[in-house]
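Contents: one structure, followed by commentary.
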Amino acid sequence: MDNILWHSVFFWAFAVITCGFAVMVVLSDNIVRMAVALIFSLSGAAGLFLLAGADFVGAMQLMIYVGGTLVLLIFGVMLTAQGPFISLKAGSGDWIIAVVMVGLSLAMLLPMAWSVPDWHGPAMGASETKTTKQTALQEEAEADQETVVVEHNVSVTEIGLSLVGVRTDLNQEDQESGQLPEGYLLPFEIVSVHLLVILIGAAYLARAKRPRKPTKYP
Amino acid sequence: MTMQADDPRLIEFDVRTDEMLVNMGPQHPSTHGVLRLVLRTDGEIVSETTPHIGYLHRCAEKIGENLTARQFIPYTDRMDYLAGMNMNLGWSLAVEKLLQMEIPEKGRHLRVMIVELNRIASHLLGMGAYGLDLGTFSPFLYAFREREKILDLFEAVCGARLTYSYLTIGGATHDLPPGWLQQCEAFLDQFEPNIEEYHTLLTTNQIFVKRTAGIGLLPAEMAISYGCTGPVLRGSGVDCDLRRDGEPIYTRMYEGYDFEIICERDGHYPDDYDYPPVPKEAQLGDCWHRFYVRMLEVVQSVSLIRQAMDKYSQTAGDYGIPVRFNHKLPAGEAYLETESSRGWMGFHIVSDGTAVPLRARARSGCFSNLSVIGEIGHGCLIADIPAIVGSLDLLMGEIDR
Amino acid sequence: MVESLIENWGFPEWMAYLIAATIPCVLLLHVVAVGALFFIWLERKVSGRIQDRLGPTRVGGKYGWLQSLADGVKLISKEDLVPAGADSWLFRLAPYISVSCCLAAYLTIPFAYGWVAQNLDVAVFFVLAILGLEVFGVILAGYASGSKWSLLGGMREAAQVVSYEVPLGLCVVLPVMLAGSMNLTTIAQVQSGWFTSWLIFYNPFLFVTFWIFFTCALASVNRAPFDLAEAESELVAGFHTEYSGLRWSLFFLAEYGSMFSVSALAVLLFLGGWNGPIPITSWIGWTFEYGWFWGTLGNFVGLANFIFKCSLGIVLMMWVRWTLPRLRIDQVMTICLKYCLPLVCLMLLGNLMWPWIAGPPSASFVQKRYEAYQHLHPEPTTETEADEETTAESNSVAISLPQQVNEKQKVVLTTSSTTDSSLPLQTN
């Protein structure tokens, strides 16, 4: 055994976890088991993000997606707690439709994935943002196919700054010339307002329709 | 009287989950023995509570028909095993009523002393276990620390720590051992300041108040109509205590004693005790008041014991009348209720003129107190059920007999 | 570490990486396992003393210090039961989810300066995310047991943890805001010096926030008075009613593990991390400035500090547990949504307003913050010592803020009077 590229080993491990449990989500007929498999699948994806050096996205994946599945799980439990493990078998028609849809999206995604030139090299772990220095490093890495470069990542600072309107990843010359790139401040605010609207709407919908009688538990 | 779960009072939101029948007990940590409660729950909200009893039935009454009155005393111990002395007293007095026997004054003071000491032990356990029901463990062990000392005193008196058979027909089996009064005095001196600890840990604790105030509301009319007695009745503000209102043969024991019935009158409790004020949230008849009445009764009992010790040591004469185990009973019947620590304990004895009673019947206070649970144990949360059951201070040995 | 293993010890590269990864994992595993044994013993001793008892006195000679080991042996040797009505796959899986989430949280917790398995930039966020996942184990246990009491316990846990994550997350924002980083090492470094520089004493708002954090942490790790999921007087034993033996003890391992990790989080965020109340180590020169040996020596003192403070937090949790009655589920929700959440929002606002009330942060604080930030994001030209897990070349690209900006920031930082935002921005 000359050398083991641990990066690849973990990549494959997480990839297998992600895909394997994703298949389990589809094949399982118990809603709670499905939710559990989904949790593992999403956790595997989080592991992939962390492996790629995207700490922030990885932690986000854990917090939002995996945490969000919690709600799914709770609903699953509430739905099936009474009966003995309700079976959710899909009919053959459903299967055909599902296979067609998934096949179509796969057919769309795969060529796209292969068309990104950077991904051919082993420097796939590099963070999304590209500086001249990084590109140089990547070229260097491509020359030396044996090494895999995972940077010490500072993505969270950059993401945070971009969201409040400062793009640190862009050329500094633009900033010096007075033309500040606006970053993602506007989308960020739109999303915030959007979420607020959803919250208010949900609260409104969940409100009791009938006048509330005085009860012991307010 | 059962309430359906689709009662609009319970529905606050349109989204509802399925109802669930949950079996609380007979093996459940907070049902104090083998009480079984069937709860109908909608999520965390309990819409119906049905008690099921009979898991500790030992045919005590049937046994009473096969033994002489004196031989039945040990069986009364095992009814309310936390207040065995009170049980002994109830049966003894009922038999004495049938025999029309009057015991000497010194014996009466001895009985008051012992019975009130036992009341303290019983209330201490009820209080500690109530803390346990609400999820705090330490007061339970503090209560046991004190209760151990009372049990030591009882052990000195009769050799037993739980089932005493000490008070008996005609007085007691023995007189107090020498030096016992000093020991008892020392215990009371040590115990009285400690009561403050329980008030800090429980009575005035904010979480405790929030958990008990306004929960398990038992109005006075309902308490009376269900036959509730003891601290449960007095917690609802009904001024009734057999030590004052009972039959003469029983109240004569307490003649010349200075005590006031613990219950809320005109919005406040007797002023003799400087104890924490009633919190704003508490309503008359809730769990908090039932607990509070017990706490004050402990203090009351301490004062009664002190008085009894004085009177006992000042009274000359005998502590009782010797009664043989096969003493013949006169034909006829007698029924007497006494104020046990958990409520009225009534004993009914029917005799055909032999030493063995024709019928021995016990009326348990806990049984009536339990019967009210279907009425106050709905529309609350699951966590309130132990709080309510605990505040009734039930004891299955007495209910099932 | 990896380079040292390759160059000095002659390990092949793959094995060097393997060893470098295994050592922190094994150490952390022992922190949890041995820590749990110790804290279970401590809890029995503390509760015993609170309750006027002695606690364990026999096993292992004095003080019964081997009591939890004896308990552990007993638990392992017990029968591993799966109820007939249970979903056996999930039932068996649930304790492992709990315990592995609890372990994963330790990955990013620094025990002393630089002693951290994975120096993540988003460590605070990661720990919160992972701790939030622990609830899965409990819910699954509640569901899969096929018992109604377990189900109720699981549902309570879900409601409680999901609610308390919100104020807990907001509490964490305050120290993060002041330190300008989500990296726990940076946050702790900012608090170096005398105990007055601990963030809990930074301003009154942070002092209040610490107690809110403590309350929410109690709730999120299911300790009394928030132990509704296993409320023994109501739900028999809640979610672990049907568990026995090893699986049951895994839940307890997870509980004590999370107790330690939330304590560690509180210590790192508010109580100065591994910095002692008096900066003795820097007076006597036990820092990395004077070389590797002295730095390591100082780190051991820091480790002792850190573990002592964490243990204090845990003892406080025990004290609370053995004193207070349990809350009811609606009261738990009320405390979270009506008291903790608005209060912490208020504290957040107050903390933002603080520079207007008390003036700009002191120059020494700004300097410390700057240094901590500089250490984490070294400038491209300097060849500083890398963190354990990073390779040499990675540092050269680590910084994306160009040097000229940093120079200006230095000026902005030292003169900044009003802003306390997460990063000193160049505004003109």
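All chains are identified by letter, namely A, B and C, in their written order; residue positions are counted from 1 within each chain.
Everything below uses one rule, namely that a contact is a pair of C-beta atoms (placed from the backbone, for glycine too) under 8 Å apart; a residue touches a chain by one contact, two chains touch by 3 or more.
Being a predicted model, the structure only gives us computed values, none of them experimental.
S.K.: Quick check on this structure: which chain has its C-alpha centroid closest to the centroid of all protein C-alpha atoms?
M.R.: C
S.K.: Which chain's mean C-alpha position is the greatest distance from chain B's?
M.R.: Most distant chain from chain B: A.
S.K.: Measuring centre to centre with CA averages, how many angstrom lie between chain A and chain C?
M.R.: Inter-chain centre distance comes to 25 Å.
S.K.: From the C-alpha centre of chain A to that of chain B, how far is it in Å?
M.R.: About 63 Å, centre to centre.
S.K.: Hey, how far is the Cα centre of chain B from the one of chain C, in Å?
M.R.: 49
S.K.: Which parts of chain B, given as residue numbers and ranges, touch two or more other chains?
M.R.: Chain B, residues with two or more chain partners: 20, 381.
S.K.: Can you list every residue of chain A that touches 2 or more other chains, as numbers and ranges?
M.R.: Chain A, residues with two or more chain partners: 78, 81, 217.
S.K.: Chain C: which residues touch two or more other chains?
M.R.: 155, 330, in rising order.
S.K.: Quick one: which bits of chain B touch chain C in the complex? Just the residue numbers, please.
M.R.: So the residues of chain B in touch with chain C come to 20, 22-23, 28-30, 43-44, 131-138, 141-142, 145, 201-202, 205, 207-208, 210-211, 381-386.
S.K.: If we count contacts the way the header does, which residues on chain C are in touch with chain B in the complex?
M.R.: 47, 50-53, 148-149, 152, 155-156, 224-225, 227-228, 231-236, 322-331
S.K.: For chain A, which residues are in contact with chain C within the complex?
M.R.: 1-6, 30, 32-33, 36, 39, 55-56, 58-60, 62-63, 66-67, 70-71, 73-74, 77-78, 81, 84-85, 129, 131, 133-134, 137, 149-158, 160-161, 166, 168-169, 172, 217
S.K.: Where on chain C does chain A make contact in their complex?
M.R.: 12-14, 17-18, 21, 85, 87, 89-90, 93, 120-122, 125-126, 128-130, 132-133, 135-136, 139-140, 142-144, 151, 154-155, 158, 162, 165, 182, 330, 377, 380, 386-387, 390-391, 393-402, 404-405, 422-423, 425
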